[in-house]
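Below are structures written as structure tokens.
What follows is a pair of complexes built around subunit A, which joins subunit B in one and subunit C in the other.
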Partner chain A sequence: MSQKNTTPLFFLAPAVILIIVFVIYPIVQTLWLSFLSPKGEFVGLRNYAQILRSKEIINSDRFPFECPPWGALIHNAVWIAIHLPLTVFLGLFFAIILKDVKGASIIKSIVFLGMVMPMVVGGLMAKFLFDKDIGIVNVVLRFIGLHSLADISWTYHPETALFATILIGVWMWTGFSMIVYSAALAAIPREYYEAAEIDGASSFRKFIHITLPLLKPATLVVVVMTVLWELKIFDIVYVATGGGPGEASMVLAILMYIKAFVAFNFSEAAVLATLLTLLTLLPAIWIAKTAVGRK
Partner chain B sequence: MKVKISTIVAHVVALLIGVVWILPVVSIFMVAIRPIREVLHGWWNFKEFHPTLKNFVEALNHPTTPLGRGLLNSFIIASLAMITPVFIAALAAYAFARFSFPIKTYLFLTIIIMMAMPQQMVAIPLFQIMIKLGLINTYLGLILVHTAWGLPWIILFLRNFFLTLPIEVEEAARVDGASDFQIFLRIVLPMSLPALLSVTALQFTWVWNDFFLALLIIYSPDKLVATQRIVWMKGKYHTPWDTLCAGAVLVMIVPVLVYAILQKYYVKGMVGWVIKG
Partner chain C sequence: MAAAREAKTLIIVVGIVCLLVGFGAGWMVKPAPAPMKLVVIGPWSGAEMESFMPVLGAFAVEKGIMVEYRTYRAEDLATILPAQFKAGKAPADVIFMWAWWIRNNTEHILDISDIIDPADFMPGIVDQVTVDGKVYGAPYTGKVKPGFWYRISFFEEHNLKVPTTWEEFTTLLENISTIDGIVAPIASGDGVGWPLSDVTEHFILTFGGTDLFEGLINGSVSWTSDEVKAIFKDKLVPLLKKGYFSEPDDWTLILENWWEGKHALYFMGSWITGMVDDPTDLGVFSLPGAKAFVFCPDFMFIPKYTKHPDEAKELVKFLSGAEGQTIQVRQGGHIATNLNVELSAYPEVDKKVAQLLQGATAVTDLDDTIGGEFQTTFWDQLKYLWAHPDEWETVLAKIEEKAP
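Now for the complex of A and B:
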């Protein structure tokens, strides 16, 4: 019997050791760093107070009435405010439209391409598609008469850089929300609709009273995963703008990297990393709860 | 037979979605396969059209950061960093699915929460650990980190899959005197091939597409992975769009192929661990 009790240990040990060494130990270490001054003295929450008051994080002089930079934390919030509703709505819309269309699988694959390819390529696209000379978006904007937006390369201007990266983010991530909604739609039993039709329900009423309520769990999944993605956004911005020009598209993850490996200010970098982690904790706990609840 | 107007509208809208969503890829592709002078005023000008492979050859043999070497490096790293975590995670997932032991729920919860962790939270200490272990700027270092970071979601996915397997087969084998490890290796793993394929395909593309961990650990020019080279090729002041677009196509073609070949498994992997059933 005693031999039996060591079996789980044998199965778990490799995974647990790797996770402790390369994930959990460094997390604790970063947390500890965030309470130390650059010289290594314990200063409690002083680094946090300093960071939260800095214009790099929240620039209340400029937000919301002047163009970015608004501060990295605000930029992440803007990411969520624009990117989340757009991807949720577009993903749902695409999933519904493509449900009964011939050749839908090809179009779904096209939309899903953005999920498959490296995000650094997405960063290149942000530079490329919004270029004043060779950008297709600028050509379309010129065509519809929006010259002020068409005649600038978006990633080089503080007014537009943040939004170029966000729009590329929408292009890349909509595939995720579409796939999740498609799976959820396919799981709704046909009988529900047939029963409603017998009662003479219109398409609109069927959508409001059957489809939408049954898509609630899928929406929750999409929202949680999308918010996580938006908070952690790095590659697209790093390649497209590097956070610039003049921090106009800076996000928390990039600011942390610059503080740590360009400015070598480990205390401030650790604070930024910890703040970012605190923001991801809420979605993380939700994921963990649903994962454990499933039997 | 009468065709409903709504059906026609749906098809037109679907086509529009497809066209708009493929445009960014077509843009990159068009610049990649044409001489730069033809596309200076937009790749949509087709007055002259001379497709060529010259840009690809130049990207592969780029003087400062040859992409050919980068593709090879990425391939080595992604191949190894997909096998190790899948096997190690499968072991752990089996323990979570079949055994009961103290702190099981807490351990599982902790591992799952790690799935959402931003990699920035480990960046500084990880860099220091890698130096101490002599693993900085080595493939082994990067593979180990990818393995550790791949484990949480693979454990969750496989644990959920193992829970759906009929326990009777395993019990029958146990009656015949098979050990837990033998049951795992000879019965559970073979029964789980579709799930293993799903996680392997996804883990491969995630490692291939990774940029941040590579940026942290690999820095010498000959060891840079493909995604890093794309960024290095970008240039500070002048953007060489021809080689850059060719490079982008070469880097994205690998995960796109994996997706095209293993589409069913890929999407299962993506959706499986977030959606029930």
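Now for the complex of A and C:
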């Protein structure tokens, strides 16, 4: 009996030790650091109060009626508000229109290119795509007569910098949702559609009553993964704008980096890391609960 | 049950055999000792690195010690070094880094007071890396930020003259803005943000003087004081509002635009002379009335954790000495900090810079001296100012929040 009990532990031990050393210990250490002053004294929740009251996190003087900076937390929220629906919709759109199309894999590969491209390259591309002289986006905007947007380099202006990074994020992440939706669409049995056609259902009704409900698990994955990605976003913004100008595109991860490695204030950086972890835990717990519920 | 026990036994036996074989092989096979090689980390790449390599080459020939050069920006080093030092390791034997960073990390840095004599260098330079009477860094060559560079051929073609008063300067900008093909009279460089801070510092130094400048560095003067406000309100902001400064763009890309004639003036350090096709076509002037200039020496240090402290000291002695600096200034774009470097070593275009500096005071770069969060905030807020000059008071207030 005792042999039966110890065998699983024996096989689990290496993984558990690694998790304790490389995951649990750093998390606990970071949490502890967030309660200390830079000099190492215990200060309770003072660091949290200081960070949450800071205009770097929420700038209520400017949000929502003036142009950014609105604070890093608001900027992350704006990322979710714009980036999430766009990537979900575009991914679904591409997956549906490319379903059963000859040569669709080529187009899918092109859309997926953004996903496999390093984020740093994406950040650099944002600078060039939205440049007033050479940017393709600006050329298109000029062509349709939107000169106020076409005649500025988006990443250098506080009004547009945040949105430039979000739009490049949409381009990079749409491939992910398209691939997930494509796989989910392929898994829907053809018989469902054939039965609906016999009943005289229109394409729209088939989409609403068959496709969409059966895509719910895929949507759940796309939404959660995208929200996690948006909360942790760093590379694109850091390379394209550095969080500026004037913190107009600052996000939590960059602010955490600046606090840790520019200001060398590891306590405030630990507070931001803890807040960021808590925020990312919310969707993770939600998907875990949903998955358990479905079982 | 029995199968699991057998599997467990097999894993343990295989693990023990692997460990024994590994240790045995490691003990028996002694790798041939690698030849001693010093590693130097510096911020230069491209053309700047090309002009540094002959200096390292000369050291290698003279001392018979191989040297490998690696490029890391100071901003990146600031994130890498703390963890390395905490682990008792050093990524290089000699590292070029900001003076303020060297001062703040002396517990990890070798005291090199025995090889650096402050009397050999420009007055006050070694003080920047001295803590409690001990010298922790060595000055290499430096760069001056003398003013606005222009192409002599462009000025001649359009009959433009170097201004001697503020009024002449603004008139010059107005005249330039009417020339066909000009996007904006002054090119605004960008990168992480230092080109904008350089030109802003030149305005502060020219119209506020060295006392105000030093006061901003040591925190005795506020960024929201009347003196600073006046410089922004009366001098810098009106030029921004009139569109005399271009939108910021990558500083190397906009350098090409400036050279091609899309801009007439470019505020840049003396290293620009090594970055253009024809340095003899370069002219430079400072803001009328400028009596002081920013001089930025590069500093190097030896980490305590180097495996070759004696050889590293030899290298630092060579680089900071007259011999090493002479080779560097010959390449152009650099000004020696060592007083024993002969004037004849400078290329002609650098002599123009030296001429401009005659009788002027040299001060350290404001944001490089303060460093930390102030520096990134200063850069970032200036980018905002370039887009929204109307909000200059908010910008100054934000900078003041992070000031010493």
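Heads up, the rule we're going with is that the second predicted complex is superposed on the first by the 270 of 295 C-alpha atoms of A that agree within 3 Å, B and C clash if a C-alpha of one lies under 4 Å from a C-alpha of the other, contacts with A are read in each partner's own complex, and residues count from 1 in each chain.
The working rule: a contact is a pair of C-beta atoms (placed from the backbone, for glycine too) under 8 Å apart; a residue touches a chain by one contact, two chains touch by 3 or more.
Nothing here was measured: the structure is a model prediction, and the numbers come from that model.
In the superposition on chain A, contact of A:Gly246 is made with subunit C only, not with subunit B.
Of the two partner chains placed by the overlay, only subunit B lies in contact with A:Ile19; subunit C stays clear of it. The partner of subunit A that touches more of its residues, comparing subunit B with subunit C, is B. Touch criterion met: A:Pro158 reaches subunit C, while subunit B stays clear of it. In the superposition on chain A, contact is made by A:Ala263 with subunit C only, not with subunit B.
In the superposition on chain A, A:Val271 contacts neither subunit B nor subunit C.
Of the two partner chains placed by the overlay, subunit B and subunit C both lie in contact with A:Thr7.
Of the two partner chains, subunit C is the only one that A:Lys132 touches; subunit B does not reach it. When the two complexes are laid over each other on chain A, subunit A has residues 7, 10, 127, 261 in contact with both subunit B and subunit C.
Residues 1, 4-5, 8, 75, 78-79, 82, 190, 192-193, 247-250, 372-373, 375-376, 379-381, 383-388, 395, 398 of subunit C touch subunit A in their complex. Interface residues of subunit A, counted against subunit B in their complex, comprise 5, 7-12, 14-16, 18-19, 21-27, 29-30, 33, 94, 97-98, 100-104, 106-107, 109-121, 123-125, 127-129, 133-134, 136, 139, 168, 171, 174, 176, 179-180, 183-184, 187, 203, 217-218, 221, 225, 228, 231-232, 234-235, 238-239, 252-253, 256-257, 260-261, 266, 269-270, 272-274, 276-277, 280-281, 283-285, 287-288, 291-292, 294-295.
Against subunit C, in their complex, subunit A makes its touches with residues 3-4, 7, 10, 127, 131-132, 152-153, 156-158, 242-248, 258-259, 261-265.
Taken together, the subunit B residues at the contact with subunit A in this complex read 6-7, 10-11, 13-15, 17-18, 21-25, 27-28, 31, 39-44, 88-89, 91-92, 94-95, 99, 101, 105, 107-127, 129, 144-145, 147-149, 151-152, 155-156, 160, 163, 180-181, 184, 205, 208-209, 211-212, 215, 227, 230-231, 234, 239, 241, 244-245, 248, 251-252, 255-256, 258-260, 263, 266-267, 270-271, 274-277.
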